[in-house]
Structure formats: C-alpha cells, structure tokens
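Alright, structures below, take your time with them.
Look at the two complexes coming up: subunit A is in both, with subunit B in one and subunit C in the other.
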Partner chain A sequence: MTVIQGENLTKSYGKTLALDNLTFQIEENKLTGLIGRNGAGKTTLLKLIAGYLKPSRGEINVFSHNPFDSLQVSANIIFIDNHMAFPTAFSLDDILTEVAHYYQNWNAKLAHGLFDYFSFNPKQRHGSLSKGNQSTFNMIIGLAARCPLTIFDEPTSGMDSAVRKDFYRALLKDYLEYPRTIILSSHLLSEVEDILEDILLLRDGTKCLHQSVLELKEYALGLKGPKQTVLERLKGQEILHTEEFAQGSLYAVIKNQGLTSQQFLKHEDLELLPVSLEDLCIYLTGNAKGGIDHVFKQ
Partner chain B sequence: MILNSDSMKPIYIQISEWLETEILRANLKEGERIYSQYQLAEMFNINPATAAKGLNILVDETIAYKKRGLGLFVAPNAKQFILHKRRSQVLKQLINEIVLEAKHLDVKETELMDLIHQVFNEIEEDKE
Partner chain C sequence: MSLNNNLLSIASRQYVYKLKANSSGVYSLIFIQVLALLFSLSGIQSMSSVSETLRVNVKYFSADIIISFTFIWIFFMSLRLTSINSKTMDFTLVTNRLSSHLSNIGLLLTTIIFGSISSSLMGFVLKIIMYFAFDRSQIGVNGFYPVFSDILLGIITTGLYMTLIASMGYLLGILIQIHVLFVVLYPAALFGLEKVNPQMLKLSFDFFASETSPLLFAIRIILSSLIVFSLSCLLSNRMEVRK
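After this line comes the complex of A and B, so read on.
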C-alpha cells in the first residue's frame, strides 16, 4: 500500500523555490531516510506531508487524503522536530500523561522506560532542558506514539553520540516490534544507513534519487591509482567524481556497471574502494565549483 | 555483534558469511532453524531487508531451505558444501591477494612459499 504520494509537488516561499515538481511515493512500513544538503527542501517536504503547509502547485496525498487541515491524517501522524512546543506550565511528567490521550497506539511502558533510561527528572520543564535533552525527550514521544506515519526531522540535533546510538537502536527495535511507516531526515547518513531501507535524496528541491540502501551501496565504485592507469580505466564509464590526492595519483568514483572487482584488481597498481553512502550523496548533490580546495587555490 | 562497516564486503554478505561460520562451528546444526530476518536485524542493528538479502544468499546456494510458514532451516550437507565453497573460492581469492601483494613487494615465489611454510609451522606449534 502507498502511504504517501506526491505528484508534481511544488512549494515556493515568495520567489524562493523550495520544492520543484517533486513526484514520489512511499510504501507502507518502510523506514526511509530523507537526505539532502542544507536548503535542499527536506523540512518543506516533511511539513507538506504532515499537512503543516499547503503546496503551491501539485498534489500530496497521505493515506489517500489531502493532509492539509485533515483530522483523519493528523490522527495518524506524528511530526518530531526541534521546534516542538509544549505548554510551559506542564512538567515533563504532565506532558507524557497528556500526550497519551492524543495517540491511539500510545505505549506508556515504552515512554516511561525510555524516560527513566535517559534519567529525566519528571518535575522538570521542557523549556529548561538542554538542546540535546529536548531532542531526546521529543524522540521518546515520537517513538511511544507509534503512529502509522512517524516523521523525524533531524531528530538527533544536539544529542551526544552515545544518545544518538541509543536512539537509532531504540528506533530499529520498536520498528521491528511494531512496523510502521517512518521517515527520518538526517545529515548523519553514515550513522543511520544500516537501519534504513530506502533513501530519498533531494537536490535543490528535486528528487535526485529514491532507491533502496542495498542498491545504493553498489551504485558506485572508487578507483585509486596512478593517474594514467586510472584515466585509461575511466573510458566509457560514468564518472561521478575525480580527485587528485597526491602527485600523479588519481581517485575516481564511477557508476558501478556490474564490473567485478577481480576485473579491476588484476592490475597491480589499481586499488578498488567502496564508496560510502555519505560520500556518494555528496558527489551526487555536489556543486560544480570544484570542491572546497578550489576556493583556496584562487 | 559488530559488523565491519568499512569492509569492501556489503553488510548482507557479512551476514551470510557469519551464518555460514555458525554452521561450520556447529552452533547451527543441519536441520535446525536459522534466525529470522527480524532476529538478525535486531542482533546486528540493521534493516530487516538487509538481513533478508543475506538469508536469501543461503537459500540460493542451497545451504538453507524454506519451510512454508516456519522459516529457514540448515540443509543437510550444508557444512560440507560451505567447506568446499570456502576452499575453492575464498581461499583462492585470498591467495590471489597474497600473490599480488608479494609481487608489489618484490617477493619471489620461493620466498613466499617459505613464508607460508613458516607460518604453518608456527600455528602448529601454538596448538601443541
């Protein structure tokens, strides 16, 4: 079943085009990573899905409804980001008690288990928490709500690396126990790639690619060696990135067209390297200005 | 359980190799049920789709077979099959890499053979 369907989705803020003719769909119970550079349109897309914003053009359907002003959709969605506002008179304990009434699948046991594990003080106010602890608290609500569509927009901002690891594991475990559609936007792709099934990569408000992590891991190959030898091998290949890293040496990233590593490795001077998803996404969404080194050469 | 995320080997292959090793070590015996994709996902902290791909390799290679509604089971002769496969493929590949590296370092064939003998003896001695 398709949970989210976007057709020619466009959103502009005045003259700024945040999303440009985006068509995509997300299937039920997939754990999808929404990836893109700063300003690529990730948050705008998530807010359109959640019904917080109206598209300028095009159509968005969530559970076959237009999410804007839809009770049906909002009852089935939770949107977690670091701008969540709670009543200032409420203690953390009050928030956990009250929020339970809004979500049909609320798992109080999980909420309190995580609350104790992360050593929150029940009497504290949300506003007085540190940035990282606010994110952690919001994450607890996002997981415990067990909404059929759960959206996390940069959920780990401010969290230290130990908490981030715990969060990813908690997310995966609860997803395995209670499968649901989850979208996670993140800048830390290397940390989340193993738990994701699909990646939707945005570039300048358009879809750069939408594929399974398993496919993307084999999307590209890195080739390292003496410049001439590498250049010979690049003929007929789709080149995604090249970089001279030492005198006469070249590192090139090419699209993997089913060549086996043995075919390449037969040549003694060549080294074949895996291309991390994080690097691949940088190469695919990179600007044409020759990289940061170029700035320093001028 | 820790996976090597820097390895050239995709995670799903690391999963299938880990399962093979479990069979070789007789931690998983022939005819026994193999972990489900969800159990593996939980154990290795990976998406269940990745775990499923690792399991499918075992089915494709007839190391495991499906029982409808019950899951995957270790096939009879799986251990023998894995041993044979590792000798003919994995060992060959490793030797390939050793020979290439030896050539890089200007190590002659006889020198390399001597070195292998030496390591063999060292390991035998350690056992005793």
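After this line comes the complex of A and C, so read on.
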C-alpha cells in the first residue's frame, strides 16, 4: 500500500522555491531516509506530509487523505523534530503520561524503559533540557507513540555519538518488532545507511533519486589511476565526479551501467575503489563547478 | 491505521490536556483579584459636602475594580491561547485547527466559570472587610446584604461579559497571527469607528449593556460570542503552522 503520494508537489516561500515539481511515493512499512544538502527542501517536504504547510501547487496524499488540517492524518502521524513544544507546567514524567492519551498504540513500557536508560530526571521540565537531551526525549516519544507514520526530522541534532548510536539501534529494534512507515531525514548518511531500506535523495527541491540502499550501493564505481589512462578508459561513461591528485593521478566516479570490475582489472595501473553512499550523495547533489577545490584554484 | 478518531473525542482529550497544562492560571487569577481587592479598599468614588454645622463624607465601595481586572485577565488568557507557542504545542500532538479551537474555547469557558464565581465572591470579601472596618451605622444598607438570586445573576452576567471579552481577545490573537500589524489596527479601528461614527459604538455598547431582560441579554451575548469565535475559526482555517 502506498502511504504517501506526492504529485508535482511545489512549495514556494515568496520568491524562494523550496520544492519544485516533486513526484514520489512512499510504501507502507518502509524505513526511508530523506537525504539532501542544506536547503534541499527536506523539512519543507516533511511538513507538507504532516499537514503543517499547504502545497503551492500539486497534490499530496497521506493515507489517501489530504493531510492539511486533517484530524485523521494527524492521529496517525507523529512528527519529531527539535521544535516540539510541551506545556511548561508539565514535568518530563507528566509529558509521558499525558501524551499517551493521544496515541492508541502508545507503548508505555518502551517509553519508560528508554526514559530510564537515558537517565532522565522525571521532575525536570522539557524546556530546561539541553539540546541533545531534548532530541533524545523527543525521540523517545516518537518511538513509543508507534504511529503508522513516524517522521523524524533531523532527530539526532545535538546528540553525542554514543546516544546517536543507541538511537539508531533502538529505532531499528523497535521497527523490526513493530513495522511501520518511518521517514528519517538526516545529514549523516554514513551513520544511518545501515538501518535504512530506501533513500529519497533531494537536490534543490527536486527528486534526485529514490532507490533502495542495496541498489544505491551498486550505483557507482570509483576509479583511480594516471589521468590519461583513466580518461581514455572512461570515454562514453557517465562521469559523476572527478578529483585530481598529485603526480597526474585522477580519481573518477562513474555511474555503474552494467559494468563488471573485470573489465577494468586488465589495466594494472587502474585501481578500483568502492564509493561510499555518503560520498555518492555528495557527488550527485553537488554543483558542477568542481567542488570546493575550484574556489581555491582561482 | 486507526479510524475511530472523531473531532469531539480528540478535542476533549486536548481540553483535558490544556486544563492540566494551564492549571497554574488559577494563581494568576487569584493574584489579579487580590490586587484588585486592595485597590478597591480605598473606595472607587467619594463625595463629601461640608456646611457650617455638618460634614458629610460618602464613599462608594464596589467590586467593580475586581470585575474589570478579571475582564482584563480573561482577555489576556484568550490572547495567550492563540499564541504561536500554544499553537505549536497543539500541533506537536494530534490535532487539527477546529479541534484546537474547540479545546481552547472549552478551556476559556472553564476559566470564565472560575473567574465569574471568584470575582463575585471577592465582592463578598470586600463587604466583609467593610463590615468589620466600619461601624455598622456608617454603612449604607442598600444592597449590602446579599440575596441569592442577585448573586446568581451577578455571576451569570459577569460570566457572559467575560465570554464576550474572551471571544474578542481570541479574535485579536488570530488576527495578530495573520499579520502583526493588527496589534495596532484592532484598537485603531475601534477608535476610528468612534471618531467617524460615535453613534455606532454607543449603539453597540447599548446593545450589550442596556438590556434589562436577562434572557435577551444572555441570548445577545452568546450569539455575538459565537459569531466572533466562528470568525476566528474561519480566519485561521487556512493558516499554516510550524513554519
């Protein structure tokens, strides 16, 4: 079943175009990563899905409803980011008790288990938590709510690396135990690629690609060798990225179109390198001007 | 996917949540009313006449200040409920715009019940203080000793006025969300109206203040508040949140 469907989705703020004709769909019970550079439109897209914003053009459907101002959609979604607000009168303990009334799948055992594990003080106020702790607490709510559609918008901002690792593990374990549709937007693809199933990559408000992580890992090949040899060998291939090193050596990343590594191994001075997902996404969403090196060459 | 989420059940959940979250509002009400009581102790009006043989000094005491302070309090309470922060709190959890308004209005009506009863009772505190502070013979008896029906009428009237004021405050809050300039425009429009057409403001004042039949008065206030609240709902219906 398709949970989220976007058709020619466009959102502009005044003259700035945040999303540009985005068409995509997200299937039920998938853990999708929403990846993109700063300002690629990740948060805008998530807020459109949550029904906070209205699309300027195009259409979005969540659980076959228009999410804007829909109680039905809101009851089946939880949106976790670091702007969540709770009444100042509530202690953390109160929040866990009160929020539980809103979500029928709420898992109090999980909530309190995580709450104790991260050693929160039950009497503390949400507003007085540090940024990282706020993110951690919000994450607990997001996991325990067990909403059919759970959205995490940069959930790990401010968390230290130990808590981040715990979070990814908790997310994965709970997802396996209770499968649901989860969207996770993140900058740190290297950290989340192991738990994601699909990746939706945004570039300047448009869809760059939407594939499973397994496919994406096969998407590109990296070649390193003397500049001339590499360039000759790569004629006719789609080059995603090139980077020059000292002594006339060149590193190139090409799109893997049914190529096998055997074809390259004949050249003994060519080195075949794996391309990490994070690097690949940077190459795919980068601007064509040759990266940061270009600035310093002038 | 759960389907048993109707508007009223969500709104009532939100209402309970907000009631718990705003229970500290009672303290601000108590504070405001005690403050008003202190102001009332010096009398709201005094009149003295002196002749060669006689010196008469009349002082009026009334709970008017307490009630006006309660009016101001409810105005700001309703304004506060429309703030961005309170909207973000709503949209952190399950809500839509209408359920958020319904729970807000529910909360306001609850505070109005509190406010109108407590302000009427505060009037008694004032009377008790007067009773002990002055010699019995110095007190003009008219209306001093309470009649139950009068108390009830007083509570209901105060409550109805508070409802109207709350609806106005709520509308102002929504307008400010639409554009911050309404902070200035709202009072300016009222003053402007008074300058351009003084009759108009007087008429609308009379419409609410000079009605002698309690039933008609109640109907007028309830209908007007309903209209203003619905206007607020309509205006905010297409508004985006958590931008």
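Quick note on the criterion: the second predicted complex is superposed on the first by the 298 of 298 C-alpha atoms of A that agree within 3 Å, B and C clash if a C-alpha of one lies under 4 Å from a C-alpha of the other, contacts with A are read in each partner's own complex, and residues count from 1 in each chain.
Just so we're on the same page, contacts are C-beta pairs under 8 Å (C-beta built on N, C-alpha and C of every residue); 3 or more make two chains touch, one makes a residue touch a chain.
A quick note: this is a predicted structure, and the numbers were derived from the prediction, not measured.
Of the two partner chains, neither subunit B nor subunit C is touched by A:109. When the shared chain is aligned, subunit C comes close enough to touch A:84, but subunit B does not.
Of the two partner chains, neither subunit B nor subunit C is touched by A:235. Of the two partner chains placed by superposition, only subunit B is touched by A:173; subunit C is not. In the superposition on chain A, contact is made by A:212 with subunit B only, not with subunit C. With both structures placed on the common chain, the touch criterion links A:272 to subunit B but leaves subunit C unconnected. When the two complexes are overlaid on their common chain A, residue A:69 makes contact with subunit C while staying clear of subunit B.
No residue of subunit A contacts both subunit B in one complex and subunit C in the other. Subunit A meets subunit B in the complex at residues 31, 168-169, 172-173, 176, 190, 194-197, 212-214, 217-218, 261-262, 265, 268, 272-274.
Across the complex, subunit A meets subunit C through its residues 47, 52-54, 63, 69-72, 74-76, 79, 83-87, 89-90, 94, 98-99, 101-104, 148. In the complex of the two chains, the subunit B residues touching subunit A come out as 3, 5, 7-8, 10-12, 38, 41-42, 45-50, 53, 96, 100, 103-104.
Taken together, the subunit C residues at the contact with subunit A in this complex read 1-3, 5-7, 10, 13, 16-18, 20-24, 85, 88-89, 91-99, 237-238, 240-243.
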